[in-house]
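Each structure below is given as C-alpha cells.
Two complexes come next, and they have one chain in common, subunit A, joined by subunit B in the first and subunit C in the second.
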Partner chain A sequence: MTASDALSILKGAGATLTLSVLGILLGLPIGLALAIARWAQVPLLGRIVALYVSLLRATPLVTLLLLLFFALPNVGVPIGPYSAALLALVMNTSAFNCEVWRASLLAFPKDQYEAAQSVGMGAALRFRRILLPQIARASLPGLVNEMSMLIKVTPVLAVVGVVDITRAAQRVGAETYEPLPPYLVALAIYVPIVFALLMLQRWLERRQSKAELAS
Partner chain B sequence: MLSASSKFLKFSRRTLLAVVALPLAISALGVSAQAASLDEIKKRGYLIVATEDDFRPFEFVKDGTPTGFDNEMIADLRKYAPFEIRQEILPWTGILAGVSTGKYDVAITAAIITKERKKSLDFTSPIADATHYYVKRKGDDSIKSVKDLSGKTVGVQAGSALLARLPELDATLQKDGGKLGKIVEYTSYPDAYQDLALGRTDYVVNTVINLQTLVAEKPAVFELGQAVSGKSFPAWAVAKDNASLVEFLNGFIAKQKETGRFAELQKKWFGQSFPDLPVTFEPEF
Partner chain C sequence: MIRDFGVVWSERGLLLEGLENTAIIAVVSAVLALAFGAVLTPALRSRHRLPLWLARTFVDGMRCMPFLLLVYVIYYGLPSLGLRLDNWGSGLAALVLYNTAYMAEILRGAWEAQAPEPAEAGVAFGFHGLGLFRRIVLPPLVLAAGPVIGNQMIQIIKDSAFLTTIALSELTHAASSIQSRHYVPFAAFITAVFLYWGLCLLVEAGVSALGRVAEVRR
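This part shows the complex of A and B:
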C-alpha cells in the first residue's frame, strides 16, 4: 500500500463526510416535522406519516437504495448514485429521528404549553421558545446515537457506485491483493469522525447544563 | 387546545412541505438514464458504460484512476465511437441489474456468458478465455488435483456465474465418488482470496486469467491448480434484444482484433493473448 492509496481512501472520507453531514442536516428537521405531524394528530396526514415511518423503519437501507436507484429512472425520475444515496439516507434517518423526537414530544408536560398559551404566545413563538429547546435537549442522546449509526451505515451506499471510505479501501485491496492494510487505514478514519460527533454531543450537553445553572 | 393546535398545524404543515420537497429537488439533479438502441444513443450523443472497480486485471482502480484491460478498451472506444462515452463505476452487485433495467447501456466488464444470463441480457463477442481454475494455498499438500477438491470448502463471489459452474465441478467429482464441499459466497473476490489465505476456505474458483494475475502478484501465498470447467468466455453485456448496440460493439471488437490492439492488450493484462476467440458463443450452461 502506497501513500497515494492512503490518499484515495482519504478522498473516500470526503464522500462519507459529505453524505453523512447532509443526511444529518436534512434528516433532523424532516424527522421533527414528521414527529410533529403525528404528535399533533393532524387528520389523515398523521396517519400517513405513521404508516410511512413504520414502512421505512422496516426497510433495510440497502434495499431502499437499490429500489430508488433502479426504479426511479423507470418512472421518469432520473437519479444519480450520489443523489440516490442521499435520498435513501435522509428517508431512512428521518424515520428513526421521527421516533426520537416523538418520544420527547409525548413526554413534554402539557401544562407548560397551556401556560404559554395563557400568556398569549402565538403558535410559532410557543414552538420556538417553549417546546423546541426542551424537546431538543431530551432528544439529543437519541439523535446523536442515530447520527453515529448513520455514519457507520454509509458503506452500504457503495452498492450503487458511491466511493466512500470503505469502498475506497476495498479498491486498494483489490489492486494490491492485500485487503488488511487499507481496512486499517479506513478504521483509523472512521474512529475520529464518530469521536468528534460524540465530543460535539458532550459539549452541547455541558453548555445546556451550564445555562440551566445560570438561570 | 383545539384551536391552538390547528393554528400550530398550519405552521407545521408548511414546514413539512418545505422539508419534504427538499430531498426531492436534490434528487432531480441526478443523471438521466433510459434503455436505448444505437439510433437513440447516436441521437442523444452519448453511451453510458458501467464498469467494476475491483476486478483486476479487467477493471480496477490504481492511484485513483480506473485502469485494466476493459478501461484501456474504453479509451480506444472513445476514439472509435461517433458519440461521447460516459462511464459509471460501481460494484459488481449492481451492474447487470443496471444494464437490464436500462440504467446503463452496456456493462464493459468480464461478464461470463451463461444460459441464465442470456434470458435477460445479450452479449458481445468474447473478450477473453474464462475457463475456470481453482487456486489453493501455497504448500497445501492435501490438494494435488481436481479430485482432491471433494468435500473441501470453496469460496466464490456472490452472484457470479461461477456459482452456476460449480454443479459442473460437482458432476466431475461425483464420477470419482466424491462430492462438492461447503460453498462460501463473498461480495467480491479480494475477500474470498483473503479468507483462503487465512485458511477459512480450501480453494477458490475463478477464471484462469484472474487467478494467474493473483498468483503472479502473490506467489508466496497462492498456487494455481487445474481447470474445473469446460469452455467459457466473458463478454460485455447489453440489455436483451438490443441487437443494434451489440452489432456496433462487435464491430469495434473486430477492428481491435484486426489492428492487433486486442492481442496487445490481452498480452499486457492477462499475460497471454487469445487468438482463437469465437465471434459469437452459445453457452451450454
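This part shows the complex of A and C:
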C-alpha cells in the first residue's frame, strides 16, 4: 500500500465525516420534535410517533438503507446513494434520540414548569428558557452515546455506492491484492474518533453524578 | 402493490429461511458472547494491573470499532495472515468477539451495583473461586442485567443484518435476493423490517418474563 492509497482512504473519510455530521445535526432536533410529540400526548400524532420509533429502533440500518435506496425510485421519488444514506442515518438516529430526549422530558420536575406558568411565561418562552436548557444537559450523555453509535454504523453506507472510508479501503484492497492494510488504516481513522466520544460521554456522566451528589 | 406482496408471499420459503438463519446466528452468538463475557468480567474487576489492563483494552477497543470493519478484517483480511474462515465462520466470530466486550461491560456494571453481602455470606459458607462466582454471584447478576442484555440481544439481531455484505444468507440477504429476482423492493424490504420488528418484540417479551422471575426471586 502506497501513500497515495492511504490518501484515497483519507479522501473517503471526508464523505464519512460529512454524512456523520449532517446526520447528527439533523437527527438531534428531529429526535427532540418526536419526543415532544409523544411527551405532550398530541392526539393521534403521539401514537404514530410511538409506533414509528418502535419500528425504526428494531430496523437494521442496512435494511432501512436498501429499502430507501431501491423502493423510493420505484414509487417515483428519485434518490441517489448519498441522499439515501443521509435519509437512512437521520431516520435511524432520530428514533434513538427521541427516546433519550423523552427520558429527560419525563424526568423533568413538574413544579418548575408550573412555576414558570405562574409567573406568566408563554408556552414558547417556557420551553426555550426553562425546559430546553435543563433537558439538553440531562440528555447530553445519551445523545453523545448515540453519536458514537451513528459513526460506528457508517461503514455500511458503502453498500449503496457511497465512496466513504470503507469503500475507499475496499478499492485499495482490490487493487493491491492486500486487503488487510487498508482496513487497518480505516480502523485507525474510526477508533480514535469513537474513543474520543466515549471519553466525552464518560466525563459528562461523571460530572452529572457529581452534580447530583452535590445537590 | 398488493401484487408485489403476493410475489413476496410466493417466495416465503426463502424469507423464512433467512429469518431462521438470523435467529440462529443471533441466539448462538448471544449465548457464546454472554459466556465469554462472564469469563472476562472478573478480569475487568481484577486487582492486578496486567489482566485489568488487557481486559480494559479489549473491551474499549471493541466498543470503538465499527462492527462492519471487524467483519471485513476477519473475512477479507485474515486470509492473508493464513487464517481463512468462510462467511458463516467470519460472521459468527465477529459477532461473538464484538459482543463479548459488550456483555463483559454490562455484567461488570451490574456487578458493581450488587450488594456485597450475598458474596460475603457465600464465602462464610465455604464457597470460593469459580464456585462462588458461578453459584452465588452470577445468577442475581444475570437477572439484574436482564433488560440490558435484552437490549444487547436486539443489537446483535440488528448487527447480524450487516452480514449480508459477506453474502451470509440471513433475513436482509433473503429480502435482497427477492428484490433483485422480481424487482419488488418495497414489499421485500418492508416485510423484512416487520420480521425484524417481530424478533425484537419477542426479545422484549422474553425480557419482561425474566423480569417477573427476578421479581419473584427477590
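As a convention for this text, the second predicted complex is superposed on the first by the 193 of 215 C-alpha atoms of A that agree within 3 Å, B and C clash if a C-alpha of one lies under 4 Å from a C-alpha of the other, contacts with A are read in each partner's own complex, and residues count from 1 in each chain.
Throughout what follows, a residue touches a chain if its C-beta (ideal position, glycine included) is under 8 Å from a C-beta of that chain, and two chains touch if they have at least 3 such contacts.
Just so you know, these numbers come straight off a predicted model, no measurement behind them.
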Subunit B and subunit C placed together on subunit A: clash or fit? clash
Touched partner set for A:V156, first subunit B, second subunit C, both or neither: second
| query | Just subunit B (first), just subunit C (second), both, or neither: which does A:L66 touch? | reply | both
Between subunit B and subunit C, more residues of subunit A are touched by B
- Query: Touch check for A:F127: first (subunit B), second (subunit C), both, or neither?
  - Reply: first
| request: For A:P179, decide between first (touching subunit B), second (touching subunit C), both and neither. | output: both
Practice problem: Identify the partner contact of A:I79: answer first if only subunit B is touched, second if only subunit C is, both if each is, neither if none is. | Solution: first
### Which superposed partner A:A13 touches (first subunit B, second subunit C, both, neither)
neither
Name the contact category of A:V191: first (subunit B only), second (subunit C only), both, or neither. second
Give one of first, second, both or neither to describe whether A:R167 is in contact with subunit B, with subunit C, with both, or with none.
-> first
Clash list for subunit B against subunit C, restricted to 110-118, 128-136 or 182-190, contains only 182-190
The intersection of the subunit A residues contacting subunit B with those contacting subunit C is 66, 70, 74, 159, 170, 173, 179-180
Note: in the complex, subunit C contacts subunit A through residues 60-61, 63-69, 72-73, 76-78, 80-81, 154, 157-162, 164-165, 171-172, 175-176, 179, 183, 185-186, 189-190, 192-194, 196-197, 199-201
Subunit C partner, complex, touching residues on subunit A are 54-55, 57-64, 66-67, 70-71, 74-75, 151-156, 159, 166, 169-170, 173, 178-180, 183-184, 186-187, 190-192, 194-195, 198
Interface with subunit A, subunit B side, in the complex: residues 1, 4-5, 7-13, 15-16, 19-20, 22-24, 26-34, 53-56, 60-64, 88-91, 93-94, 97-98, 101-103, 188-191, 193-194, 214, 217-218
Per the touch rule above, subunit A residues touching subunit B in the complex are 2, 4-5, 7-8, 11, 26, 29-30, 33-34, 36-37, 40-42, 45, 66, 69-70, 72-74, 77-84, 86-87, 90-91, 114, 117, 122-124, 126-127, 158-161, 163, 167, 170-177, 179-180
